[in-house]
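My questions will all concern the structure given below.
To keep things simple, chains are lettered A, B, C and D as they appear, and every chain counts its residues starting from 1.
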Amino acid sequence: HPEYILTLSCLDQRGIVHRVSGFLADHGCNIIDSAQFGDAQSKLFFMRVHFSLEDAGVSDEQLRGDFAALGDTMQMNWQLHDAHKKPRMLIMVSKIGHCLNDLLFRYKSGLLPVEIPAIVSNHTDFYQLSASYNIPFHHLPLAPGASAAAKRTQEDKVLEIVRDCDIDLVVLARYMQILSPEMCAALKGKAINIHHSFLPSFKGAKPYYQAHDRGVKLIGATAHFVTSDLDEGPIIEQDVERVDHSMGPDTLTAIGRDVECVVLARAVKWFVEQRILQNGHKTVVFR
Amino acid sequence: HPEYILTLSCLDQRGIVHRVSGFLADHGCNIIDSAQFGDAQSKLFFMRVHFSLEDAGVSDEQLRGDFAALGDTMQMNWQLHDAHKKPRMLIMVSKIGHCLNDLLFRYKSGLLPVEIPAIVSNHTDFYQLSASYNIPFHHLPLAPGASAAAKRTQEDKVLEIVRDCDIDLVVLARYMQILSPEMCAALKGKAINIHHSFLPSFKGAKPYYQAHDRGVKLIGATAHFVTSDLDEGPIIEQDVERVDHSMGPDTLTAIGRDVECVVLARAVKWFVEQRILQNGHKTVVFR
Amino acid sequence: HPEYILTLSCLDQRGIVHRVSGFLADHGCNIIDSAQFGDAQSKLFFMRVHFSLEDAGVSDEQLRGDFAALGDTMQMNWQLHDAHKKPRMLIMVSKIGHCLNDLLFRYKSGLLPVEIPAIVSNHTDFYQLSASYNIPFHHLPLAPGASAAAKRTQEDKVLEIVRDCDIDLVVLARYMQILSPEMCAALKGKAINIHHSFLPSFKGAKPYYQAHDRGVKLIGATAHFVTSDLDEGPIIEQDVERVDHSMGPDTLTAIGRDVECVVLARAVKWFVEQRILQNGHKTVVFR
Amino acid sequence: HPEYILTLSCLDQRGIVHRVSGFLADHGCNIIDSAQFGDAQSKLFFMRVHFSLEDAGVSDEQLRGDFAALGDTMQMNWQLHDAHKKPRMLIMVSKIGHCLNDLLFRYKSGLLPVEIPAIVSNHTDFYQLSASYNIPFHHLPLAPGASAAAKRTQEDKVLEIVRDCDIDLVVLARYMQILSPEMCAALKGKAINIHHSFLPSFKGAKPYYQAHDRGVKLIGATAHFVTSDLDEGPIIEQDVERVDHSMGPDTLTAIGRDVECVVLARAVKWFVEQRILQNGHKTVVFR
């Protein structure tokens, strides 16, 4: 049977679950997994339903058309994803490659059901690694202190790849360039960054040095959606590891890398499985 | 409005969510929170719905009667709890009181919405602590090496308190007596024990000594339902803490106590909020 | 045998360990436990040695006098504590008592080897709890919006208790008043506060509300020395717990309380065992 | 300056630290880092000292010769490692490669200071991955149900590689063959295995299936020295991750893999840095 994942949000109101489950029953669909959340603060309701379409007489087109009508009635923001279609992911990286290597291995071993049609870097360090996975590598350099215009030119090339490769998700796997507001706008809701601190602590550059200097006893990492407010995008996932006074910035950095890999991998997997819904500047994650 | 928590399990089949949500809509109920889970292995479906009854014309009696009909049709195992009614909890303890003290303080500060009509102990160590919370303390001693008959006599007194006080939940907060099979049967599904290891490791006596002897790098605690298979009951919650070679059994014991308090408190809270459903020898916990 | 804990810091230089261990050997002392740390950044060396004095011919006075000479030679900042003498601890609390209750129970069950000669509060909520442990309770109220002068008067009363009771450690166990710079100076190095966030995130008031608003996926607590820079004192211990989108500020607060208890209890225990040395605005903790 | 790491164990006795630190001072050595531990149970004393030899007049030979004399006097079990010499590591793997991939990337990025002269597998799945790192790959197959003699023949080839490549550490990175007692004896103290459960829970095969069946709320991994008692070797490191009822064995397996990578990588790093000392069937880890 075809399988779908439906995600939706709308103003909270009585009977949403009933109407959605009724729609699915009427269209010969069987719910495999379902989760919902009503935010008391924003008065928004969020839902994710994984279902199989078991009635061969119902077409994909009919399902989408009929749901659009329901969605209109209830003023829903909704998406219907083919559960068997692998999202297409672009990875961007600079000179630190542990997250890239981790994502590539998960992809190759089938743990991350995505297509990766392109890797973009402003450096050449990971050309060979990309080649060993047979993934096209695009070297789009940016000189230190490049002008805004030069940056826009480089970013336009990235966006061209996004368009040409039909990219669903851009992952900044330690890509050490600040994106322009235009670029952020173009990638809104589909770019995930890994920041090497437990935000909102230690925003900005060199967070492990900041953490060492402050003498914290835990260090961490944060995966978040990219927005034009640097390090302020909606948080998707965070984790931490214990450290102590005897560890210098280099040790913190090494320990932190393991946390970054795992946190980013979780965020990407949840995105791919349509488990993340945005709720203003926050996220709902149906794990 | 009156609020209810409905918990149910039945064989998985198409349309359960739809029929339950339809029932609630038809009876003027608004879903506040809902969670469900289908176990692919046992083919059982589990659901918990928290809802408010907003139609003043629908009585408690009518709601229960009508749902019984639906439950029969679908061969559900179900319970409908008044969300505002505090469960009545009996705590049993021996000579180690950190879990008792922790539960009592949560109760007093309103973090644990229960009534505690009685505390039972085979020792007198915590009589004054119980008195300071104004909770009746029952000293029901058991001589070391007491006969099975003597144990049954003592246990019957406990069960009498359970009946007289209309107890919904018995918490073994480091009660260091093995319950007889009859007692386990009498308390089936409503007695929670805290075991001081991450089960199934280190079953039986002195788990922190076993852990020290084995040289593990993590120690933990497990809250589980009481069954006649010692330390084999359905696991509700577990947690661990890191330890190292420099720590002797006493230090492990001290560190473990903090884990025990938190793990038991979570299990009790989830029970009280009707979040735990039994699935054979396992649990479904809708956190 | 008498037991001592020696803590020291000085400029890093060759032979410190050798000279200290030589001193102990010459004075009939046996090392039970020893730890050291050289900070590459500050060029300071830190050491903690737990030893027993096994030569009955060496007096406490002689040991201290002789070590003073060595300490002078190497320009050490050092302290020699009688390991069997219980530190004297003052607890301050306002209207939220989980940390107070937790510390009192650890004290009573012998897990925290301290004397508690006094509890101070600006409210009366925990008078009865204090009385149940037979500890003198001092109600020193502060009107909302009290003048700086009124605050100084109240603080002077606290300091009088500190003096009269010969207090070694002041624990702010959710004491919701900002101490004046004078008070901070008077308690320098011997006052520990528990802050309900993983600092440096969410400084200031209502951290769980800030955390909820930011949508973080972990919440935490921080125990730190009190300094006049609010929430900027040297961090002693931190921990976190996982949360998700479905939890409101109240739930975050409840979850956070368990973290606060454990984090504060660890910090207090380490202080009592002379495991914490200050290194500028950071701490060295010999766990 | 040359740097060394000295590790030693001996019966606990007064003055060990003093004599070792005296030896080092007399030989123009400066202690960079030092840790010690006295086991109250086994009465053994363990020490690790990282030092630099700053007196150009003292040769490596003289240092070793003189320490041998001290070691004899105190009946020490000791080793003196050149801190700049990279240990030589052999990785063994079967068909599951996340740990191999993780170790290779750490090696390549300089996070793991080792030489890797060979990779051995009973399958060919990771030939290309090995080749992309330019490391010789040895395919030493073992037919299912191979005889003990066939296994010994295959193992002898492994031991030949160990000898020829001068291997210091053999890492079983998900190598799914049980080693013969002879092989275990030959690799005593220098072979580390990763087991995919928090031992001693779920020994033997398919631990994630066992964990799922038991309904535990945490799953984990354990790195341990290989001994002929299967899954009973001295534990070096463990960690866990939280799981819940909704996760099937496949999800547990996927989550567990991340834990395995990190746990094994820590154990290998500590071995390489000479931080692990065996204490009977347990380990002392000077982190």
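Methods note: a residue touches a chain if its C-beta (ideal position, glycine included) is under 8 Å from a C-beta of that chain, and two chains touch if they have at least 3 such contacts.
What you are looking at is a predicted structure, and each value in this text was computed from that prediction instead of being measured.
Where touching is counted per the definition, the chains common to chain C and chain D are A, B. Among the remaining chains, the Cα-based centre furthest from that of chain D is the centre of B. Averaged Cα coordinates give chain A a centre that lies 42 Å from the centre of chain C. One inter-chain figure worth recording: chain A and chain D are separated by 36 Å, centre to centre, where each centre is the mean of the chain's CA atoms.
A complete topology is adopted by the chain contact network, contact being made between every pair of chains.
Interface residues of chain A, counted against chain C in their complex, comprise 37, 39-41, 198-202, 214-218, 220, 234-240, 244-246, 248, 279, 281-285, 287. For chain A in complex with chain B, the residues that touch the partner chain are 14-15, 17-18, 21-22, 24-25, 30-36, 38, 242.
Contact residues of chain C toward chain B in the complex are 97-98, 101-102, 105, 109, 111, 128-129, 132, 254, 257-258, 261-262, 265.
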